């Protein structure tokens, strides 16, 4: 229950179903005094907007952001920032024929098993639409990070089993067949100082893993040399330290995290995305009377979700990094003997 | 800060450094009335004991468990269960020569960056020794799961780049070279009913991911078809549902989780383990004065950590499943109208 | 930071400033399958509406509730329930003269000390308006409790230093003087079974105390015989148990809680409410340049907040009780061996 | 479930029953680099030791503290600090005659209602012995606070219905009658800067209230003018601000907290303590077969718990203040633009 919040100090709570009135997020714990405009958020939502690529869904999602609280005269005031995005272009009738059917690869069956009831329209809460709220929250986190010299960049490295620059033809063919494809997204976070992360359960990579696996469609994740570490010798996998103005490593097999704490190198991870489960090709499944049925999911669907997941991964990574930068403020007594512990207004 | 607790209702808090007086765990939220003997925990710790395999460390760790609270007349009473394992055979002098040096692949540097101070003896808090406490907590979780018909089994499928049954020769050779190896562990959880997991951030796979990545040495994780999903077509990756006494799937590419909720199939995941970073082969690194030094880590080290991580993965998986079984109790109002909401003692 | 969430399983997150666009709440963890209509919430907000009593503020607050998510075909679906109440009748210009001044008894100074910035319009986040969101969430909790046979009733027992039925004349006089008054509210929760509450820190009375003290204006709280317990002898204060169809107590000095767990008697507590700090009588204070100024708070203010706090106390009590009823589901293994742990959809 | 942890960043988890092997606490989130000796903790436990006053229990509790983790070379290292206190002088046989009986005023019945099982020896988990662990954790918090110029002092102001200096005769008489008494404890925290506390649910007074009500025997709590605020006029209750080197208030009816945030004045609260429920005077009650029985609690009992609760209240207050001092570090962006956000080891 109550799994819609994420973060400890910089804490987000998302809400909303695909075909309800709106989706939104409440961002609690953002430091006061950050200048924040609707446009700071809107620009990130525009990146995730459908129809922006050749292989994307047709549903018109204007995704106009409104900030309802927490910002006064264009600055955050320390109160929760409530962001709302109304659902437009949602034609619920499209889904009437699916209301009793468990689509393969979707969460229809599991939501019904869990809750005994579900909003069948467009996946309801399990829809990718929910990630709009994450992107909105991520925009605030990204703005904070930019002030601290930290950059988060995600990009596709594979789609449909081929390097991105060679995948277009395959994707076109797959789309024509009414099928779908997956891919791999890499994310690189630059500028995180050494020392961020909270052993032993809230290790930086562990919490990033929760963040990334909480995005629909993610089936695998690896940091640094990841799965190939399993084949490496220790003498190869270990990154040698050296010093050149700051502590550096000759290689980055660690992916920027050692013992769950950032090591000052780029934080690098890759996520495997499964193919979009909605396909026109006919599939075998059952309905809620446990009868066998055939299903062909018509309508507006991306051939791959990879491009739209990219800003979501950036958002989740940014949210984690901000939260752990804040958590780290109390790590060393040295820093806590400075005047700001007495930070009383004079 | 305060990253040593894990779980929401079934909540564990571990403590202890490798060469301190003891390690331990406080298990809070275990239902009352579970029969629990020291032996239930001891047997799992014995499995993770070093020296039990050819490729294991020599440090004598008897790991005698004591239960200090929460159990009365061999039953849990709902109070926190405090388990302690004294550290024996810990010769701190072994580590004096390492106190100023950042070992490659270890967390020496990152702990010092974070805390400005560290217990350098045997890795301190970052040592694998910490996982003894997890295994102790996992033993309690596994006992609960067994009552509910749920089994957790992890096993190595690859070591040193070869299938397990073919890896012995390579491991022997690697050991002789003073090097180390990694591997891949698979974990299968049988018997979890459909409906377990808490969208959208506390999805079952997301929290399992945090749990598994919080174990030292894990660099990758995948569920079901995992990274190979990225290359699949939707029509292949989607698991068709059918009905045969219960809802089933023709395949299990999902790894038992759809939309972050268990789908009634086996939960299947694989973790990539990096090579043990302590190797005899000389490596380049720096000390805490940022001077270049060479290091060769002598002494008692496993050639691979894979065998000892297996029970840790089972423990963490069990802890997550118990927690989410409990969280699910409040999911449906139907269940909450039964008499036990009025469960007053008569 | 991030102090706007409350509850563990039934978890609410409120947002909104007095003179922003809206206030709202996200209710996460409500069991699925509860029938819920806007009217269920609206009726509780109407009770807290200003202008409903002689001694109430004049600001027109229509407080029209909208449910944006989590309810489908009039039933909760297990997803977060987002409720929004737009701010109407908020004339921000009323507050321009106060923007640099720290009103005595208000949180103007402390918010500025903490955040370095504040929304000065009508108290911003510190306004009583925030409690509208609590009442909305409480309405959902109260509906759940009603299904379990639990009733929550709060009422004023004292205002302006007199029993409620004798306080009207004093209040009228105080209002005419441009002054304000406080009072005492009692809350009685009937029907909570014995066994609810989570020692040792999340004792039922301890969490109720957090809930009640989190309401603006509360300066004291006592359970059962409360402060007068301090003068009692043990032989008087101890409530004797007897049995009559169920376990009962001859007296209820405990206020329904023993050792932090409900004892099956009515849960009874009383909260002391301070006078409304906004008064017309001229007061000494300072502005944000630390200069002495005189202030007279003109405009629309209640002479006492007591009547409007009553539904807020009920709301907070209901939210706590629901949360702890749900938490208690996992307390005894006996209950967890029943079939619903295998609750798989058939 | 899992109610034995308290705090968010400075987080304690206590465990142990009165007559089990030991009680203890795990303190997670203490900043690294604090010098900490066993003696720092021992001295506070000695204050709460029984037998130190005329009206105290006879049980010999030596309460020898051991620190098992988290401290290295007399400094905290950022890892959880595990403190254990073995139970000595616990003669369980004393309690055999009570194992089936629900003592009035005790938690025997409620624990059994909740868990279906209980450790009946000396109150088990519900015993005041549990507070030894709190005092140990509080000692660490108090040491931190002392570095920041913050002092916490609690003291009795009333016992047995009389001012402390006049209560000795009454207490002696009450003891001779085999009865018991309560009292009122005041706590004053000096030196907390303005700006501490996290609205709206984690207000400083709200969390202090949870902390204090979580101590056994507390039935009432008030801040500043507390219950008498209910009778005051706003013009009297409001504390006027003025400036004299820093922002000050003419009075302190607020008790140092406005809108849930410290206002820079002393934080002042009073707790009402009920009489010790164990009395020799015969009382009516029932056993676990619901049969009426008479009970007279013989043996070693304090006539009042007030003196022993004093250090517990100080401990809990200190833990809250430390936690909220740490949480406040991220409140203002201004502070987060300083170099320590880049706090990378050079």
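Annotations for the structure displayed:
For clarity, chains are labelled A, B, C and D in written order, and residue numbers in each chain start from 1.
Note that in this section contacts are C-beta pairs under 8 Å (C-beta built on N, C-alpha and C of every residue); 3 or more make two chains touch, one makes a residue touch a chain.
Since we're looking at a predicted model, the values are computed, not measured.
Listed here as common contacts of chain A and chain D: B, C.
With chains reduced to the mean position of their C-alpha atoms, the one farthest from chain A is D. Computed from the mean C-alpha positions, the centre of chain C lies at a distance of 25 Å from the centre of chain D.
Spacing of chain B relative to chain C, judged by their CA centroids, is 42 angstrom. Between chain B and chain D the centroid-to-centroid distance comes to 35 Å (mean Cα coordinates, whole Å).
Residues of chain C in contact with at least two other chains: 1-5, 8-10, 14, 29, 31-33, 78-79, 109, 111, 113-116, 125, 193-195, 199, 247, 264, 326-328, 330-332, 334, 344-345.
By the touch rule above, chain C contacts chain D in their complex via residues 1-6, 14, 102, 104-107, 109-111, 113-116, 125-126, 130, 158, 160-161, 174, 179-184, 193-203, 205-214, 216, 219-235, 237-243, 247, 250, 253-255, 257-264, 272-279, 281, 283-286, 290-292, 327-328, 330-332, 334. Taken together, the chain D residues at the contact with chain A in this complex read 8-10, 29, 31-34, 76, 78-79, 144, 147-149, 193-195, 199, 246-247, 264, 325-337, 340-346.
The touching residues of chain C, counted against chain A in their complex, run 1-5, 7-11, 13-17, 20-24, 26, 28-29, 31-33, 66, 68-70, 72, 75, 77-82, 84, 109, 111-119, 124-125, 326, 344-345.
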